[in-house]
Amino acid sequence: METAFKSIAIIGRYMSPASLAQAHLHTQAQAHAQIIELVAHLSAKKIKLCIEENTALYTGLSEHRALLRYEAFSIDEIGQHVDLAIVLGGDGTMLSAARAIVPNNIPLVGINRGRFGFLTDISADNMLPAVDEILAGKCSIERRMLLSAQVIRNGELVFEGCAFNDIIIKSGLRLIELEVYIDNQFVHKQRSDGLIMSTPTGTTAYALSAGGPILHPKLEAIAIVPICPHTLSNRPIAISSASKIEVSLVQAESIHLSLDGQIESTLQQGDKVVIIRAEQTVPLLHMQGYSYYEMLRNKLNWG
Amino acid sequence: METAFKSIAIIGRYMSPASLAQAHLHTQAQAHAQIIELVAHLSAKKIKLCIEENTALYTGLSEHRALLRYEAFSIDEIGQHVDLAIVLGGDGTMLSAARAIVPNNIPLVGINRGRFGFLTDISADNMLPAVDEILAGKCSIERRMLLSAQVIRNGELVFEGCAFNDIIIKSGLRLIELEVYIDNQFVHKQRSDGLIMSTPTGTTAYALSAGGPILHPKLEAIAIVPICPHTLSNRPIAISSASKIEVSLVQAESIHLSLDGQIESTLQQGDKVVIIRAEQTVPLLHMQGYSYYEMLRNKLNWG
Amino acid sequence: METAFKSIAIIGRYMSPASLAQAHLHTQAQAHAQIIELVAHLSAKKIKLCIEENTALYTGLSEHRALLRYEAFSIDEIGQHVDLAIVLGGDGTMLSAARAIVPNNIPLVGINRGRFGFLTDISADNMLPAVDEILAGKCSIERRMLLSAQVIRNGELVFEGCAFNDIIIKSGLRLIELEVYIDNQFVHKQRSDGLIMSTPTGTTAYALSAGGPILHPKLEAIAIVPICPHTLSNRPIAISSASKIEVSLVQAESIHLSLDGQIESTLQQGDKVVIIRAEQTVPLLHMQGYSYYEMLRNKLNWG
Amino acid sequence: METAFKSIAIIGRYMSPASLAQAHLHTQAQAHAQIIELVAHLSAKKIKLCIEENTALYTGLSEHRALLRYEAFSIDEIGQHVDLAIVLGGDGTMLSAARAIVPNNIPLVGINRGRFGFLTDISADNMLPAVDEILAGKCSIERRMLLSAQVIRNGELVFEGCAFNDIIIKSGLRLIELEVYIDNQFVHKQRSDGLIMSTPTGTTAYALSAGGPILHPKLEAIAIVPICPHTLSNRPIAISSASKIEVSLVQAESIHLSLDGQIESTLQQGDKVVIIRAEQTVPLLHMQGYSYYEMLRNKLNWG
């Protein structure tokens, strides 16, 4: 059979032995068994398989190396060698995998243990039939936007990164003071716990907890959501994804810049954070019949 | 001097003698004096003037007919005879004027007594200098989207209309039950006080009171905001303005359809309301230096 | 065996044949079977049984009159003849039963089909064992407060009533204008869709949908929750239940006063609504081991 | 003239020379002039004056020592020597002064520069007439509750403190996991940015920004407000002030305990924070005619 994808990367949840100790061992064993099942299934179909090296290391895959044909690559290199990436894990695993392989512009699909997530379309129970449908081409690609953040300090670029969900400027303590400019126009000086700049994808994550709206992924928009703003009329706002947001730190004591929930940089007074739409997009692969609204309904218990 | 506009419509707040009785007479007299001042000013510049007929009738303009050259037209006809409309009043007056003249595709600008509104850019204090700048072409046009609503009953179209701010399905009593479909996909069955479909322009009006986000007017989006939803996770959502929203009334006791706050139709069980972006847009005229964010900051006391 | 209660009222969901037609017949039949099961169970224990007359009429109980010993009374009289009332139905049935029998000061307990409700502690699956525990005295009483509303028009009392959940002043149209006074002090003039005055019990009902807080039933408090207020800083407030709230209708077009969701009165401009804690309380009977927080956790899916 | 208070403490905003450098010098000079004006005014009335030692040091009062009779005490001792404390500054200054002198059970009144605050009743413009009215006994006392927090680690008490506004458990990073028990009953496991336990006084401060309700100061209640909770139905709840709240830290990476906005303790996994009403209360002195609702209306722009 001719398959839609000839070479596939498999990326699991990163689990060092240290964190393993904390995790429930039984759950962990099931997750590993599932990865091995997937590798065996694809191996039998003569698909070229590339396994993310930590996934291979920690799941016990290497013990079956005699039987299972695959190569191992680091997360930063794996995208060059495949034309599809399958991620096993939760939305967090999807986010970091997506950012790592975004330069390679290959489609990404997620398999979630238990119920599916906002980003992981396929339930573990349905893994093998779903993968077969994908190989048969019964799927479609949706391009999702990313945000890019730059930190400018005294006129110099001191940090640059991109986020699939959100870029967050937030204090570890209580109140921060920011000035927000959009497209070079002053918006306001804000006192709050922080500020979230979210892609449509990210609007169902942290931004939702902070009171932000849900933006449909097709919307070319960025949501700007204040966290516990001092002024009660400081409400979430959504702007065009073609806009440039600049946030100046009027006062900055232990303020962090997070991308997709990972603290990436500690900001200083006078720092300017510039947020724009990234050039790259993430090609998410969906099964036939995928409905964004059905996913929302299930995940948010609108039933 | 060559002016940017040769013929101008003037539309005031509609005030029948009945409502006049209720209004503060002093405020009313000032509003009338302001209209007369504007008419006199433009009249002296040889601009062709068309006055909305009720405005002419109730403001006492007709008493000065010997001095002030103008023609009177109904709100539905006035747009054909001019290339600019100046509205004196609040956001409510702007909304109804905009809907009335939208087929004529002429720019619209608002003058507000006291502080300016979300839609009325010019403060009364600054009326004459502002008008002169507009005549000198120191202004720009921003196209704002409208929504169109159709009510389908037993397969027949029983109502059709458009809204500049919002389309609201709402009960006069307590709880209604709706089914929402977007682009022919089922979204959810909702129990709530009602549902707001808002243009970006309307997101600073009723939708904001109901907890909706602010959408920048450049965003090609529709905000869908539930009013007091029974399910707490039923949050506001913004979708592409190219989408089609269908709302089915599962249960309907005294449910109204409002367009820009005017009740237009009483709905029945089984009715389907179809909402899409309207074909026409409203060309709003802004002064040089207009900033949407400055307006938000002032109106919402973000200072 | 000596039981804690000698005479028990049974009150079911009021179902006229008209509404029956609308309901799912199968569900209805199950509800009736359950009532008959309860009557038979209690009848065998020599408990004196009083059945609410419509419940007796519509559930088919009367067909078994030869076998099942009971008397039938109207909802307004039934409380005089018993020392416990068992309600079968949802929270709505509990609300109206509680208001009807409140003068008799007898405890009330609810049995809910399917999952239990905020007020109906006992699941249908567990009905008979639970009832036996109650008869064995393995239960406790919690007194819940009620609110009383009076409408004053031109100095005359034109309406009086009480509510277990909430008193709502609300417009069928869009915006109303109210003046609120608490303990004779002016609070504010509010423009909104309406205002909810809620007992702690009612804070998990409509007030929660409108953004109000949850008040624990032990708290001697009234929650005042604005519905879609025009001013974004108009937030819910909780005051002492010893306070007196007065709401004056500045402007009143089609404004209703609802008690526990039932429209009771149409208000006019100038009307004053006075809300205070009612003298009576509702004695809710809970099973041993009842936890308010467990109930919240289950009903609000905090799991 | 016999005055209601014979000895008065004066407590200003604490300003070390370091922070002075940051502050606007002109504002600072005005604040100092105001304190000197107050001291001179009271000194002339033969009131015994005790100045908080840093206030005396940093405001230049000591330069006038020849003319102005006063003694200087540390904030912790000053309360023993007086029967009234006047605080000049904002709500923050009031909070720390209140906590420091609470063991002495003396009334406290605040004078705010510019507009008054939630706690500082007297505007600077009206300082001297207001102080004279207070001395003439035209005032009343309102007792406000405090909260007490204890941190238990491995069965040992490792921290104890009290708060006038709020006790906050919060992460410097993103998500924390807490278990909440009230009166020894399990409430829920919560994933959020943190949790606020607020007195009624504190409900107009940080808790309001986080979406909490306003609780009237007379209400014997504690508000529990989650900060950006992961579960959207996790809403603010108000409970009796007689209740005991226990929060267990399921997972704790860089989690802080703050009292009135001051970080007091870093928490560890397994720590239990116990919050109850403190034994002491703060006697707030109000001018005749003080209205809590008027203050709310002014501060929250309900006008």
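In order of appearance the chains are A, B, C and D, and numbering begins at 1 in each one.
Assume contacts are C-beta pairs under 8 Å (C-beta built on N, C-alpha and C of every residue); 3 or more make two chains touch, one makes a residue touch a chain.
Quantities reported herein were computed from a predicted structural model and do not represent experimental measurements.
For the pair chain A and chain B, chains touching both partners: C, D.
Looking at which of B-D and C-D shares more C-beta pairs in contact, the answer is the pair C-D. Of all chains, the one whose mean C-alpha position sits at the greatest distance from that of chain D is B. Note that among the pairs C-D, A-D or A-C, C-D reproduces the A-B interface, with over half of its contact pairs the same by residue number.
Rounded to whole angstrom, the centroid-to-centroid distance between chain B and chain D, based on C-alpha atoms, equals 46 Å. Our note on geometry: chain B versus chain C, Cα centroid distance of 42 Å, whole angstroms.
Separating the CA-averaged centres of chain C and chain D is a span of 40 Å.
The set of chain B residues touching two or more other chains comprises 208, 232-233, 235, 300-301. Viewed as a contact network, the protein chains are fully connected, with every chain touching every other.
Put simply, chain B touches chain D in their complex at residues 232-233, 235, 301.
Contact residues of chain A toward chain D in the complex are 168, 171-174, 192-193, 206, 208-211, 227-230, 232, 254, 256, 258, 261, 263, 300. Interface of chain B with chain A (complex): residues 182, 185-188, 190, 208, 212-216, 218-221, 223, 231, 233-240, 243, 291-294, 296-297, 300-303.
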